[in-house]
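Below: a set of structures, written as structure tokens.
Below are two complexes that have chain A in common, paired first with chain B and then with chain C.
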Partner chain A sequence: MSVAAKVNRFTGSPALVGKLLGLVVLLGIPVLFPPSDVTTWTVYVAFAILAVSIDLVWGYTGLLTLGHAAFFGAGAYFAAKALPGYPGIPDVLVLFVLVPIFCGLLALAIGWFLFSANVTGSYFAITTLIVAIVFEQIAGEFVSFLGGFNGLYNIPNMEIVGFELETIPLYYFTLFLLIGFFLLSQWIVNSAFGRQLRGIRQDMERTALFGYNTELARLLVFTLSGAMAGIAGGMYATINNFVSPPLLGFVLSTQVVIWVAVGGRGTLTGAVLGAVLIQFLNSTLSEVLLNYWNIALAIIFILVVLVAPRGIVGLLEDATTKLRKRRGSGSGLANQSQVSGGKQND
Partner chain B sequence: MTDATSTILETKNLTKQFGKLTAVDDVDFTVEKNETVGLIGPNGAGKTTFQSLITGEYEVTDGSIIYDGEDITDTEPYQRARKGIIKKFQVTRVYGEETLVENLRMAIRGRNASTLALLRSHDDSDIDDRIHELLEIGNLDHKAEALTKNLSHGEQQWLEILMAVSAEPELLLLDEPTSGMGPQETNETVELLENIKERTNTTMLVVEHDMDFIRKVSNKLTVLHHGAVLAQGTVEEVQNDDKVEEVYLGRD
Partner chain C sequence: MIFLELASVVPLQIGQRAAIAATSISALVLAAAGLTIIFGLMGVINLAHGAFVMLGAYVGFAVQDAGFSPWLGILLAPIVVGLIGLILEMSLVKRLYERPLDTLLATWGVAILLREGVKVVFGTSQKSVSAPIEGAVPIAGTQIPVYWLFIIGTAVVVMAAVIAIFKYTDIGIMALAVIENREMASALGINTKVTDRATFAFGSALAGLSGVIIAPRLSVSSTMGLSWLADSFLAVIVGGVGTFVGTIAGSVLLGGLGNVFRTLIPDFTAIAQALVLVVALVVIRYRPNGLISRGGRE
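Right after this comes the complex of A and B.
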């Protein structure tokens, strides 16, 4: 392949260009911002992992979860208790083995209850929302063990083979995790299993009547997503050094759902973009707009629902398609909004 | 027309109640391998409910379903599909946000794939030829990469029939395959089913209102009325049945 052809191929894939641009921006954060802001960006990235986990369940499988922060918060509290409490256990083991097992089992138990009882649609959303409320209440009530409404303080930074990860290394480590989960999720959604998830989202009964075990698929993706959210929560605990009950609650859960919707539900890029962008706008614009920021966010969400149900990524895709049509470049690609190559490359 | 060798489906005293309403009432029914059975009856006779009991969409109130010698009365719908019972719905149930090719991939992969195998599968090129062969049968090959939601109603009906066939069913349930079609499309559907029958010899159970259509595609008929079997037999036998004439065919 000639260099020109390679360049053409590269620029012919706006999604790939967008992803790489986003990656470059995220890699450049420690250069673009002062160290005091890098920790804030590390939190954004941890929440982006939570957004990806929600997108797997909601965006791809169609299960609107309004309680996913329960797993995020459970991971955060588990890490908050285990990291300082058991110095002999390596942090990596706590954060990447024990936390996902704990949160995965929680998700498995809740998912098994919901899916075996065939709880779907709005009932699924309401039940998961109640789970988050209950988890938040539990964290608030157990003062001696979980710190009550004051939460848990002085959670240490994570260590890897004796090296404590501070501001910038911790940022890159969290970003590395986000990239890892992004690629893992991409691998899942591009598999035949991912096609099954999209089938469940569009018509679960139809999918089962082709021979797919839709209950097992939902349970698997919910459990995996819970474990992923738990790891994000564990990272949050070690980034922020403090956890409190709202981390488990429905407010955070619904906020992240909104981020995913604004970014582009059913696209992993959209989940990351929505999470990072809205958190960034939240911290910058809330200083200017004060309490009006929440109203602005609500308006943005309503606009997305009404005008751009496929979120920012959907808008960008449509704009790219129009641009290509206008340029008349590649008749096969001109109908991109009408056709799909089969795989969900995102 | 058929080469019946053994029973593929048998229902014994099959009953379905919704509250006080008995939708399917004590139905004894058999389908032999390779034959095409028409299931007819007035609106509300219980035809679609009967098919939904066979697929497992509805739980049985009483009675049993024997499929290929095995009692499947309490078997999950997906397990019945894996055994070879595949349904085409009355109102099309295709995946509108996917291309025709993806729809067929979905249908083909369903019966024989464990969840782990699905996770590992990232290359479906081995079934590409089969997909395009199927699309050619339905005259849809020129729209292979179009989104299914952009197809006409008739094309969606044909696609769903092709999807059902692509799953290589042993028993194909067709619920009003010509629903919403004009005469031309209905004739084309007859040709499509004849083509499929000729190629695969699949056993079919067809629910349909259109008597001309059902005469063309079936060699045996069962008439349901108020959820119960009113008559069974060859097309000629059923057409000449006085009770059937009175409650159903007489109005046609």
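Right after this comes the complex of A and C.
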């Protein structure tokens, strides 16, 4: 393939351009914002990992989870207890081995409990919502062990081979994790297993009739997603140095679902875009608009659900295909290459 | 001697406990009855139901704040919330009957909208509403406020009325017909759209009524909707979706268990609540059709 063809393919793929643009913006955050804001952005990135984990379960597999913060918060609390409590264990081992094992097992247990009884659809949403409420209440009640409603303070920053990660390195480390999880998720959803997940979303019975074990597939993706949410939570604990019961709760769970819905469910770019954009707007616009911002966000969310279920990414995709069709009608050759580019996007 | 003392002390506490339990169960029955209609019968997952209960309580507060009789609040709340339910059905829900999970999301958006709207209008501080009836009567050795009896009485009367409406009146039977088989009902000349609207508004009005009636027993705040939402959904699902008797059974089980756990572990009220939720989860898991399932249907 010639260089020109490669360039053509690149410009013919707006999705790729969009992703790279987003990556450049995220890489440039420490340059664009003062260090005090960088920690806030690190939190945004940690929550974006949670959004990706929710998108895997909801957007791709069609299981609306309203309780995913339970795993995020469990990871955060686990890190908050283990990091200062056992200084002998390396932080990396706690955050990237013990936390995902703990949260993955939690998700496995809850997932088995629900999937083995074939709890799906709205019942799945309501039962996961209740799981989050139960987790939040438990964390709020154990005052001596989990700090009760005041939460746990003074969680140390994470260390890698003796080096403590300060503001900017911590930001890039978290961003590196997000990119890693994004690529991992992209690989998963484009694999045969990912196709099976989408099959479950579209028609679970038919997928089962094709001979797939849908219960096992749902259990796998839920466990994986719970472990991912747990790692995001563990990172949050070291970024924020403080955890409290709302991290486990139902409000955070539904908030992140709203981010994913507005960004675009069923696309990983949409999950990250929604999470980062809405958190950024939350902090900038709530100062100006006060409570009216929350009202505006609720209306945007309702409108997205009603008329644009594929979110911002879906709207952008529609707009670019329309634009390309209009441009493509000019010359035959350009038309051909652009159509093939369009096919790759779908 | 000790035994005799115990014998006189224990019934006293149990009497009071039972009265508290009966009152909270009654309020839950009212809220859950509205959801039995909207979720159980119509199949609409309305996550704004808790916000409707909250709105009912705020109507009670607004009426009292304006200096009118609390009775006016009890009259107005179902009307106001019923109208809001009507608007919700006509604007959102009717477009999403074929997309249940999107109904869930959109109504959650409405719940946030109502919560934040109430914050803007009434502020974030907790409000208290005074009961329309003062005084207490001695029952079983304890003083029970008359208003508690009014709550219990209202729940009994309203439930009897609701069951009767759906069993014996033309309107109720028409609503059930539309829910059972939309095409056939339409072919028989029933205006299905109007019936949907009216049924949804009626369920919403019941939520408003439960909110305004229980308001004097609670501190009214914009965030109170969530616990009502979770409790009513659980009462409906645990009892058996789509039956009023099931909803009463679910409310009695959940409300009763909550009070039992709270008596057993008085220092951990949140754990007591969590235990009730866990029991509900186990019931949903092992008896997906609820305690009392509607027989003969798939």
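Everything below uses one rule, namely that the second predicted complex is superposed on the first by the 328 of 346 C-alpha atoms of A that agree within 3 Å, B and C clash if a C-alpha of one lies under 4 Å from a C-alpha of the other, contacts with A are read in each partner's own complex, and residues count from 1 in each chain.
One rule holds in what follows: a contact is a pair of C-beta atoms (placed from the backbone, for glycine too) under 8 Å apart; a residue touches a chain by one contact, two chains touch by 3 or more.
Since the model is a prediction, treat every value here as computed from it, not as a measurement.
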| item | value |
| --- | --- |
| Contacts of A:G211 with chain B and chain C, given as first, second, both or neither | first |
| Which superposed partner A:L27 touches (first chain B, second chain C, both, neither) | neither |
| First (chain B), second (chain C), both or neither touched by A:D203 | first |
| Which superposed partner A:I179 touches (first chain B, second chain C, both, neither) | neither |
| First, second, both or neither for A:I168, with chain B first and chain C second | neither |
| Partner chain in contact with A:L105 - chain B first, chain C second, else both or neither | neither |
| Chain B versus chain C as contact partner of A:G140, first or second or both or neither | second |
| Partner with the higher number of touched chain A residues, chain C or chain B | C |
| On chain A, positions contacted by chain B and by chain C | none |
| Partner chain A, residues of chain B touching it in the complex | 55, 57, 76-78, 81-82, 86-87, 89, 93, 95-99, 101-102, 105-107, 109-113, 115, 117-122, 124, 145-147, 150, 163, 167 |
| Touch list for chain C against partner chain A, complex | 45, 92, 95-96, 100-102, 104-106, 108-110, 112-113, 116-117, 119-120, 226, 230, 233-234, 237, 268, 270-271, 273-274, 277-278, 280-281, 284-286, 288 |
| Chain B partner contacts - residues on chain A that touch it in the complex | 187-188, 190-193, 195-196, 198-199, 202-203, 205-214, 216-217, 220, 338-342 |
| Of chain A, residues touching chain C in the complex | 64, 113-114, 117-119, 121-123, 125-127, 129-131, 133-134, 137-138, 140-141, 250-251, 254, 257-258, 261, 291-292, 294-295, 297-299, 301-302, 305-306, 309 |
